[in-house]
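First subunit A sits with subunit B, and in the next complex the same chain sits with subunit C.
The block that comes next holds the complex of A and B.
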C-alpha cells in the first residue's frame, strides 16, 4: 500500500468542543494544526448552553465561584480540580469574550449562574447562553405578556408544557399554533436561513402581534440568526427569544459553527470522515498516527474523542490514564507529547460543555507550552 | 420515494457516529456512510460522478443502528446503487437471477449436489406436504463451500423427527437484488416462493440464511401476503431444544460467535444462537463488539463481489481478534459470513451453529 508520511506541529483527534478549543489555542500562535474527526461529533446533541455546575449537593448553584471551591475539594480527579478554579473561569471568560465577534455570541457571567426555562417549562441553572436565549429568564419575564409559538409535529419541543411552566411563574403566557410543514428543528432552521420572510408571514397570520415577548423553538436560523432576529423584532415590535430543545439542537450546531469559524481564523485545518486506526508510542513519546492510508508524525497530539461515540476505544495502542497536566500515561510511564481532553478525564462526573471547554483549554495551553519549550 | 428519502436524509446532523462504526473505515479502507449516503443523495450532481462508492459498503446496518436521528443510511445506499452503473460482477449476478432464479446462473437440477454428502435419502422430503418448509437459499445450496450448513441442518431436523419439506423449484429470495438496487425485480420471485410453500400446506418457514430471512420478513409482505410464520433456524432449533425434542452434542471447546449483521441488526436475533452454543457446554467467547454493535465480517452488501481485497481485509482483522481471544473456531449463523471468512484465508476454523449441535 502506498503510504505517505506527513509532519504537523499538532494533531488533534476529535472536533467536538474540547478538540476545537484546543486546536484553536495552538493554531492562534502560528503552529500548524490538523484536526481529524469522524464527523461533527456530539456538539449538536447538547443544548448549546454552557453548563458549568448547575446543582451541587442537592442545592441550586447561584454563586458559581464559591461552589466551585467546594466541588474541587470533593472531586480531586475531576477536570475542574485538575485545571484549578482560576483556569476554569479564565477558559470560560475567554470563550465568552471571543464569541462576541463571531457567528453566535454567548452572554453570561462566568462567576455566576443564570437561570433559564427548559423546554419543559421548569427552570435550570446554566453559566453561558447564546444571545438568542438570554431573555429566556424567569426574573425578566414575570408579569410580562409572552406569546409561545407552537409548531405542530415539530419533534423535541413541548410548547404546551412550556406555556404551563410560564403560567406557574406568573407570566401571562399564551400559545399560538403556526403550521409549517417540517418535522425537525434543524429543517425549520434551514428554512429560516433560506426564506425567513415566508415564515414571518405565517407568524403574522397566526396573530403573533401585540406581545412584549415571543418565545420560539430554537430554530431562528443556523447561520443567519442575527439578521433573522433583527428582522423579527422590527416587524413585530416585540423581543424574541429561543427556548432550548431536546437534542439534536440547532444552538448546538451554532456552537459548532462558532468553533469552526474560530479554528478557520486560526489557520487550523479540519478534516472530517477520518478514522484513526493506530497510534505508535515509543520511549514515552507519540511518534506516529495512522489514519486512512496516511501516516502523520505530529510534534504533539491531543486526543479529544469524547465518550459518547466511544471512538477512543477503537484506537489501537492508546493508553487511557492521565496525570495532572492531562498527559497520557501508559503502564505508568508518561507520554510526554500526548494530551487527553475530557473523554477519559471526567466522564464519570460529566458536567457538559463547561468541562469540555475547560479540558480543551487546558490541553491546548499545555500542548502549546510543550511546543514552545521545544522538547522532544 | 426519493422525496421521502430526501426528507429523511435532511435530518442528518453530520455527527460522524456512522463514520466511526463503519467497518471499512475502521479497517483503514475507503468508504464512508455519510458521504456515501445522506450527503450524496442531497448533492444530486455528485451522484453522477460517484462511480462505485455506493458499492463500497457492506450494508451492515451498523451506521443505522448508531444514528442519533435515525437516518436510514443503508436504504439511501441502496437507492444510490440503483442510480449508478453497477460493477460487472453485480450486473452478471442480476442477469443470472433473471435467467435462472439463482445468483450463480446454474440450472435448478444442480441445486441438489449438496445432498450427495447426506446419509439420509431426501427424495421423500422434496415437494411433499409438511408443517415446516425449509428455505435453503441459493448460496448454501449451490456453493460447495457452504453445503455443510445444509447437511448439518438436515441431520438435526431428522434427529428431531421434524415433518419438513424442501422445494425443488426454489427461487432466489430476492435479497441480492434488493441490495443491488433492483427492488422492482423481486416481486415475481416472492410470489413464486410464497405460492410454492402455500401449495405444500406449510405452517412455518425456516431458513438458515439471515438475508433470506430478512427478505421473507420485510420485503415479501409488501408484495404479497405471507400466510405463515418465518423463523431463522437458530430460533427453530432453540425451540426444539427447549421442548426437549432435540438433544444436542456436548463439547468443551471454546468458540467465539460472530453476529451476522442481517440476523442481529436486521432481525434482532442475538440470544438464540448464543443459547444453542451454551447448551452444548462449550465456552462462549465474545468479540469486543457484539450483539447489536457487532462489526461486520466484511462479506455483506455484495462487497465480496465488488471489492475482494476490502472484504478479505475486514475478515482477517476479525480472524485475528478471534485468535487473540483463544477461540478454537469462529461460529456464525450466516452463509455469507462463513464464505467470507473461509475465502479470506487465515488458519481459523469457521463453523455454522448447527454444526456443533
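The block that comes next holds the complex of A and C.
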C-alpha cells in the first residue's frame, strides 16, 4: 500500500528538554513542527533545577559569566563552546523570562549562580530554580526558624540529613513528622492538586505553625502549585519552600509540563510512542523519515535523543556520523538540513540541564536559519 | 583489660571460635579491623558443599565438607536454603571424570544419585538441553552474612566481647605473645592466648611475632545476576576449574569462580576478562545467562595452604600452636572452607582449652544458632503478603528491606556504616545496587544519632564501592550507572 507522504517544516526526534526547546523555538516563528518520541522523555528524571556550571577548576562557581569564559576556552568541543557564551546566556534568559507566564516560573540570574540546599542537606551551586525553591538557600535561611516536614516512608529526600545540614549553617531547623499514607512524591503532589485542604489539616495537627519558614519535599502539586502555595502561606503565616528531590521528581515533571505548554502555544505537535524506523539521506540532505510505516518529508530535522543517540545511529539506512562540531555527516559530506541537540551531564563541573537547554536552543536557531534561508 | 583469649579476625572462623570458647566458659574478646564478614567470608559464593566438588582431588576436605554440611543443616537451618545440587556434564566434558567422581563420592561418603537429563530439566527447566549426565548431591546454599551474624549473636549471648573497626597489633614480650594493642586507641588487652583467625591475612599477624606460616592468598572472582532462574546449585562435572558453579542466592544467582595467586589479599578486584570467562563457562550449563543482567562482580581472597597450583592446593585447614616454633601464646588457624568453619573453630578451641588447662567440651555441633532479627527475602515476600501495615516501612525496594530491620542492624547487630547494613539486610545487593535506598539508610543513621559528617562519609564510601562495578558494565547498564552518579553528585551535591 502506498501511503501518502506527509510534509512538515521541522521534525524533531526526542521530547526531552533539548528536543522540546528546539521545537518551540522553530514553532513560534510560524513553521510547522512535529516532535516524535519513543517514550515520555527523561525530564522528570531530573530534579528540575537548571545547573549550568556549578564547579570549575575544583572551585564553586558564583560568577557564572566569568567562569563560562574560562570553561569555554578550555573545552572547545563542549556545547557551551559551540554555542558561545552569549548564546548560552541568551538561551537561559529566554527560558527564565518566558517561564514567568507559564505553569512553573524559574527564578535566578543567568549570569550568576545561586546556592541551594540539596536533598542530602549539602549545599550546591545552581543557576535557575523553580520559584517554589527560591527560598531554599543558605543566605535566606541563616538565623531563621525553619520547620522541616518529614513524611515517613516518602522516597526522594533525606529529612534528617537535610535538617542537620541546615543546622550546620546556623539555621534554627526542627523536623516534624507528618503521617500521610503515600510513598512517592508524585502521589503526594497529586493529592495536593486534588485536595490540598486535607493535607493542610495533617500539617496543622503535626504542629507546623509558629515558624518563619516551612520546608516541604517537592510535592506542592503538579498543576496547581501557585494556589497551593498561596493557601499554605495564608494558613500558616509562614514562607513555604520545596526541597529538591532525587529522581523521578515532581519539579522535573513540572518542567516537562512547562515545555509542553510552550510547544502547544507555538503550535508544535508532540507525539509519544513513535519509533523512527528509517531515514533517507540523499546528496547531502535529509529527505525522508519513516515512522511506524508512515513517511514524513521534513525540510529540516533535529535529533535530540540524549544518550539514546547510539541506538538511533543503529537504525538501518541511517549511516550518518557526527563530527566534532555536532554537524551530521554522511560519507564525510555534511548533511545540510539535519541538526543535533546533544549534550551530556558533567559531575566534575556540575553541568546538567543548562547544557540541555543550550543544545536545544542552538539546534533550534540553526534549524531556523536554514529554514529562513530557504534552502533544501 | 584482661581476658582468657583474644581472637583476631571477624570472619565466620573467628566468630565461630568466639562462640565456641565463650560457650565453654572462657572470657574472650574478638577484634576485627573492619566489619564482621567483610573479608573472605562475605566474598564467598555461599555454597554449602556436599563435598562432591573435592572428592577426586582432595578427599580429606571432601569428607570434612560432607560431615559439616550435615551439622550445619542441623544447627543453622535459618541461614541455609536446602536447594540440593547438580553435577552436570556438557558435551566437551571428559567422560572419564564421571567414573573418578563416582568412586570418590563413595570413598568420602558423599551421597550421590544419577538423574536423567529429562528429569533434571523438569527440576531446572533452563538447564542446557544438551547436557548428557546429571548427578544430584546434597549441596545447599548458606548465606555467609547470616551465618556470621548468627555466630556473632551466639558469642554475645555467652558474653564474648566483639569489637569491629578495631585493628590490633600483637604485644610480644620476651618471645611470648601476651596480648594485643588496638591501633587507633592504643588500648592494651592482655590474654593467655591470642588466636589468629585472619585467613589469608594470617601471615600479616604471624610476622609481628617473627613467624611465617606460608598462607598463599588466592583470588576468586564471582559474578552476580539480577535474577534467579535456578533453585538448585549447578556444578560442572569436571575437575574443579574456572566458571563452573552457579549458586542461587535469595533473589540473585552467584556465578563462579576463578583462581589466581595474589600477593596482597587486600588487592582483589575483578577484571572484565574474568567476568566474561565466568559468563561463558557458566553459560554452558545455563544458556539463558546471556539474557540476564549482571549487577555486580566481586573478588575474595582464599587462604590456601602449600600446593602446586590454586586448584591443586588442598582446601583443608590447619591449626598451628606456635609454641613449637618457640613463640608462646599464639595460635593460628587458616585454610579451610566456609562449609568447615565450625570444625575449624572446634579444633582451634580444643587446642586453646588444652593449652589453658580448661576442661570443657565443644557444644557447637549440638546447639542451634540463635535467630536473627533480619528476614530473608523469602520471608519478606511472605510477610509483605500477610502483614497489612508492612509496605510503608520499606527502605530498600529491590530486596524489601524494612526500616525496622535497618534500625535493628544498627542497634543490636553491630552495624556502623552503610556497607554494614548491606551485609546484614541485603539493602544494596539487589537490582539497583542500593542507589535508591542508600540515602534513606544514611538518613536513618542520622536519626539514630550519627553525625551529619559521618553519615555523609559513610554514604560516599558506600557509593564509591558500589560504583566500582563500572569497569564490568556495558551499554544500557553503563548509562544507568551514569544516571545514578548524576543523582548523587549533581542533585545531591556529593563530591
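Note that in this section the second predicted complex is superposed on the first by the 346 of 376 C-alpha atoms of A that agree within 3 Å, B and C clash if a C-alpha of one lies under 4 Å from a C-alpha of the other, contacts with A are read in each partner's own complex, and residues count from 1 in each chain.
Here is the rule we go by: a residue touches a chain if its C-beta (ideal position, glycine included) is under 8 Å from a C-beta of that chain, and two chains touch if they have at least 3 such contacts.
Nothing here was measured: the structure is a model prediction, and the numbers come from that model.
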**OP:** Superpose on subunit A as described above, then tell me if subunit B and subunit C fit or clash.
**Re:** clash
Original post:
With the two structures laid over each other on chain A, which partner does A:247 touch: subunit B (first), subunit C (second), both, or neither?
Top reply: both
**OP:** Classify the contacts of A:183 with the two partner chains as first (subunit B alone), second (subunit C alone), both, or neither.
**Re:** both
**OP:** Could you say whether A:37 touches subunit B, subunit C, both of them, or neither, answering first, second, both or neither?
**Re:** first
**OP:** Please work out whether A:152 is in contact with subunit B alone, subunit C alone, both, or neither, and reply first, second, both or neither.
**Re:** second
**OP:** Give one of first, second, both or neither to describe whether A:218 is in contact with subunit B, with subunit C, with both, or with none.
**Re:** neither
Original post:
So, does A:275 touch the first partner subunit B, the second partner subunit C, both, or neither?
Top reply: first
**OP:** Have a look at where A:19 lands relative to subunit B and subunit C in the superposition and call it first, second, both or neither.
**Re:** neither
Original post:
Does the superposition put A:290 against subunit B (first), subunit C (second), both, or neither?
Top reply: first
Original post:
If you stack the two complexes on chain A, which partner ends up touching A:45: first (subunit B), second (subunit C), both, or neither?
Top reply: both
**OP:** After superposing on chain A, check 60-68, 150-158, 276-284 or 312-320 and name the one in subunit C that bumps into subunit B.
**Re:** 276-284
**OP:** Overlap the subunit B and subunit C contact sets on subunit A and report the shared residues.
**Re:** 45, 183, 247
Subject >> subunit A-touching residues of subunit C, taken from the complex the two chains share >> reply: 391-394, 436, 439-440, 442-444, 446-447, 451-452, 455-456, 459, 479, 482-483, 485-487, 489-494
Subject >> Interfacial residue positions of subunit A with respect to subunit C in the complex >> reply: 45-47, 49, 51, 118-124, 152-153, 155, 157-161, 164-165, 167-168, 181, 183, 244, 246-247, 307, 345, 347, 350, 352
Subject >> subunit A partner contacts - residues on subunit B that touch it in the complex >> reply: 7, 10-11, 13-20, 22, 25-28, 32, 34-35, 66, 68-69, 288
Subject >> subunit B-facing residues of subunit A, complex >> reply: 37-42, 44-45, 183-184, 186-187, 190, 247-248, 253, 272-273, 275, 277, 290, 292-293, 309-311, 313-314
